[in-house]
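I'd like to ask some things about the structure below.
Going in written order, the chains are labelled A, B, C, D, E and F, and every chain counts its residues from 1.
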């Protein structure tokens, strides 16, 4: 993640929660009482985004010392410590919730991605995210998917072209659509075509697209279609695949499977903070 | 929701997804082909945030006409139309995903809140949110909770004081803590005290706090503590309550129950767009 | 005050004054000539906001050393030093005016608040500010009021509900109005009712509001109304009270008196900078 | 005033006051009840900034109609109407206070400036502002001074060079200082020299500066110095001049007199809103 | 170009030039005198970015009417009209220079790109831009290249991976480098390898990269290397090619040639404004 | 240049190029491999803006050490080193291009300005820029002109008044125009009049303007007009002067000559980066 961008966003998140001040904490603490705090997991999972602890506390109070005990992408057990934080309790408390809100979500995404990877149990097929992310958090959520062992699909409408039904109808054919896009957007943007039939797959190959998506196809349908696609074109399975059904795609032969629920329906990983220091 | 603020945030969300341009759509469509699109539910639930459709499309292209068919907070059945959108297909497509990302999440929160209200089945007790919201989206998520029939707890550290363990230890007593906060923050900010024992409840009453939270107490424990609290002090049950256990709190007598999962672990409501117009 | 927010605002204030550069200073000084500067009072008063000197100079030039000689809220005599600043004269000069513009205003507010506290001469009644602050400066001005010994009323339309004439007429009664607001905004927001008659006071008590304002009532009228109000409801006197008339409210028995002029008609406290170092 | 810039600032001011929402108004009103409101003066003065009413309400709710009844710079009597506003009462109420906070301050500045012009009673000498403005509001406050019949001194450190003591010492002489600045900043920036003695005035003339300030000189001292200054160089009297002493400068012969208190110690003009419409 | 993003940037550009106000224009004109203005070419070329005239004037003054007479990418002759603008002369004048500064530059880029296309005179090879754009203007400059008939290379470090010397050394081999990048960035990002030798070209093909760049190769060297590259891999010639030498690459067989000077050394196309209306 | 402003702009430029991350570099390097890099000139010229290297790298990674080997405004030979940079290669690479894009342009402007100064070869006449700068970069480009030995004309519409044809027609005469502007904008803003005839020059002198521009006049015409202008009024030659014709203005006697091409048609100075460290 681009640190300069991350820091800008953390600033906004902090201001959202704190506003003009933390009315409770500033009334009771001076800015000096020292404390030591531990961020730790209350359930097992894969952690992601813990550098947020460092960036956020550095912004709030440069006198805080943060020691990360884990690395993004590591599995963590219940009760394991993620980070130790030493500094004024005032500063620790004021940033605690917004940090947790972010890393719990990111770790939840990494954990679920990791579950999908485990359940699929086929290292030749990647688990991939979608654009179904939380508005404003795409950079964090895509990064969390990669921490969980997943791949990132395009980051937005600007860095990859998906040719869908509407585009095909408007352009007249898959070939026309691919040509029009290539002409406009230059050589560096990949073009993916969503296909639903054998004919569309053949057209897409013929159109020299870069990726072919098999939309809502069963594993056996996909296996029939794959021989039509040359090796240098990536293939994607997509549409309605869940943690319960993903194992059916084991050995199906596509390059990656995309899963919207990784980011649109997140279960936070339970992470908490324990504070020492007389308090 | 403050519309001026919402529009600023929608602008950021749109830029995140679109970047310099939608490379596929701009290559295939001019900015003129007309189309009609329907936002509709693919599963039943309670909808929230649909004015986002209006604000976003107005920003993208003022020639788009949006007709909302439902109101925030309404229950909606599978296949029901939420909004009709008429205008250039180019503009409709470019905004579709970011709108869905937002209203699916908001409607997911409203729906879950509504489930909690139904399961509790006690109109004298309100369901309430927490600060465990997605960074950057608090205004949207708190509003979604209210659409689902819930109440909003404080919006941030600035508009309500929660006296917790650390504060009590540092101040020496609940009474000291409440006095210090009141002295600092003036008359308009409510002060809530988290209590774990009978003694703490009595101290909190004595300290003239505004709200008393029973932290991780069972329904029967709460019922023993409630007679200690005068009517004008609000009471809250909090801590580990789930959709499975919430009904045990029916008739327990507190004013509200707060649930972190309403916003930290959201399941999106499935909403989609269907486009007419030759495409 | 939230330092992260303060620093953002100071950056804007600095850019407003300096623009692309300080054309005089950058022409004559290199960035290296050392100097020592003193911020000092040219008249007696109560100071507020002096951490601004630190934050602003740290932003302009981290090589500057600032030593604060006073604390916010302290009384200061004519000629007393507030802060010593050591560093390149170039950097000291470029930030001087915008710092003074802010701390003179804040200290002016603190001083006037303190006058009001002194003139009232009743420690059981707090002096309180209003929303009549300078646009963009609310966080600074409310903080200055607290430095002068005053209390802060709500910070904006979002963190406290004032039920006024228009609301009562529209809702049909004070009771309806309070209920509607409570239902919408949840348990953490206080509701205050502006009252002009005995009947309204009784209705407001009955409606279970949190604060009752006696609007434009004389001290003796207030004393007749106070017995109607239970202890746990705060009471406020407001409307046209000046430094000349405030002493009439001594011992009147309300919890606080709000004064718009504290922030809408500020007389700056005269603070200046003296520079040593051969210049 | 640059409208594009004004609108950006009004947006920030509005967000400061309203936050996520106006909790009282949104609870009681729908967004539809119509009303008519009058902005009117509660005391006589010179008004300034009333286009703010238009810009702010247009941003909040484009369905609001604003009719301005006066023009900036006009004198207004007690009870006179400044503007009529028609639209949803919800929208009128939510913007009312922040508009008043701004135009009361601006009209206060215009009114005080006008008093100074009247008291000086010499149309050959202009009243001028300084950089002692409220941080963030310079564009509004300088404009208000011009509405009151005053002139604007430089807008910031970037658009005019003031050679002061420190600069003269560092450069070695007034001549060196003026030359250095001219060399650096080009032909379009005016250079003013602060002078305290006859020698300095002569040096400044010799240095070909554009403006000479007589700092803390009495009217008679100034009259002795003026013959030394050629006609094409502007002259300024400055330093400690008040509404009580300004008339002593009548016929003194300088081009303008600068007054810091116009903007650093503002008394708001009392302006209020009356709402019709059943409420 | 994403209009929402463009408008944000135009706002910043306008504020840069106008600041608090246009001191000349606002002093002489009211906001009402009508005028008609023509944007026209003072030399022949290819125009680009003329919708800027519309967006900018709409922001400044919605009463202005802009009629575009040309389309981006069209060739235009000396004296031809690009757009007619009708509205208050005050508003026309204040926006004129910043509009010209932008469209002169964009049209200069489009014109130069077009020259390169003409000189190359080989429709099977595209002219392509680089990341050597003016900071802050990439979206405008890349769009201008496409108006001139060119292709856009990657938009930034985020939407395409270029494997250069440093990367190859660090990764140990081209193959390792490509694999590491693919593993990290997922399927939608293209990977280009800069090659200088036959061995590197063969390695890059073997590594399954998406694009191969021939860095500083002569046309005849390129023709020897091309047979090593399968059809589905794009090829690029790059390095020191100028308008004088580009024709040597005619029929060389690569897919595109990138030219840094298109954007790093721009000659503005001379465009001007003529104003009618009595002025 | 105001460093606080510069840093804000560099942040935007960096985000434009890097987006969410540098996909190639972050895939291959950890954030730790050390390297040493040299910024050096690939052609001779005058350098400008090299503090950008320091500011940008400090923002990206505070562990980077930057040693500047030259100063802005110095002449530099081919192959000379401008700066040495030591730190993680990851951080060096990610910022390299955006730094080069900016300092190549700035140095190009400084070099061209310097050529103009050399060709004119008359130290009594300054070379001056215009408002024909790249939108968003005015502060950088005007600074670069001064590094090349040039003067800066007004920075925008706000800090200098140019009376042109349209203004004169609207005001009725040059005298009226100057008076109106002076009345409105106060004493600190210079007023320049564009003149085309002897009559206009005389009127402008009579109107007491501060600067007179001879628009599109030949050197001999200018020499005939100059005696009409008193010494304290600056004179400017402007209009269509190029590097080829500028020497004709040697000894013509004006104070400065303005050249639009300095900033509207920039040829970048070729600067590059060489990286050591095993890579």
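Basically, a residue touches a chain if its C-beta (ideal position, glycine included) is under 8 Å from a C-beta of that chain, and two chains touch if they have at least 3 such contacts.
As the structure is a prediction and not an experimental result, all values here were calculated from the model.
Shared contact partners of chain D and chain F comprise C, E. Listed by label, the chains touching chain B and chain D alike are C, E.
Of all residue numbers seen at the chain B-chain C contact, over half occur in both copies; the interface is built from largely matching residues.
Taking the mean Cα position of each chain as its centre, A sits at the greatest distance from chain D.
Each chain gets one centre point, the mean of its Cα atoms, and the points for chain A and chain B are 22 Å apart.
Centres computed as Cα averages put chain A at a distance of 44 Å from chain C. Chain geometry summary: the mean Cα position of chain C and that of chain E are 51 Å apart. Counting partner chains per residue, chain E shows two or more touched chains at residues 18-22, 138, 155, 158-160, 184-185, 189. Interchain contacts give a graph that is no line, ring or star and is not complete, per the touch definition above. By the contact rule set out at the top, the touching chain pairs are A-B, A-C, A-E, A-F, B-C, B-D, B-E, C-D, C-F, D-E, D-F, E-F. Here chain A touches chain E in the complex through residues 126, 128, 146, 151-155, 158-160, 184-190, 192, 208, 210-211, 230, 232-234, 236, 255-256, going by the rule given at the top. Put simply, chain F touches chain C in their complex at residues 1-5, 8, 138-139, 142, 155. For chain B in complex with chain A, the residues that touch the partner chain are 9, 12-13, 16-29, 33, 89, 93-94, 97-98, 100-102, 104-105, 108, 131-138, 155-167, 169-171, 177, 180-181, 183-185, 189, 191, 264-268, 275, 278-279.
Those residues of chain E lying in contact with chain D across their complex are 11, 14-15, 18-22, 59-60.
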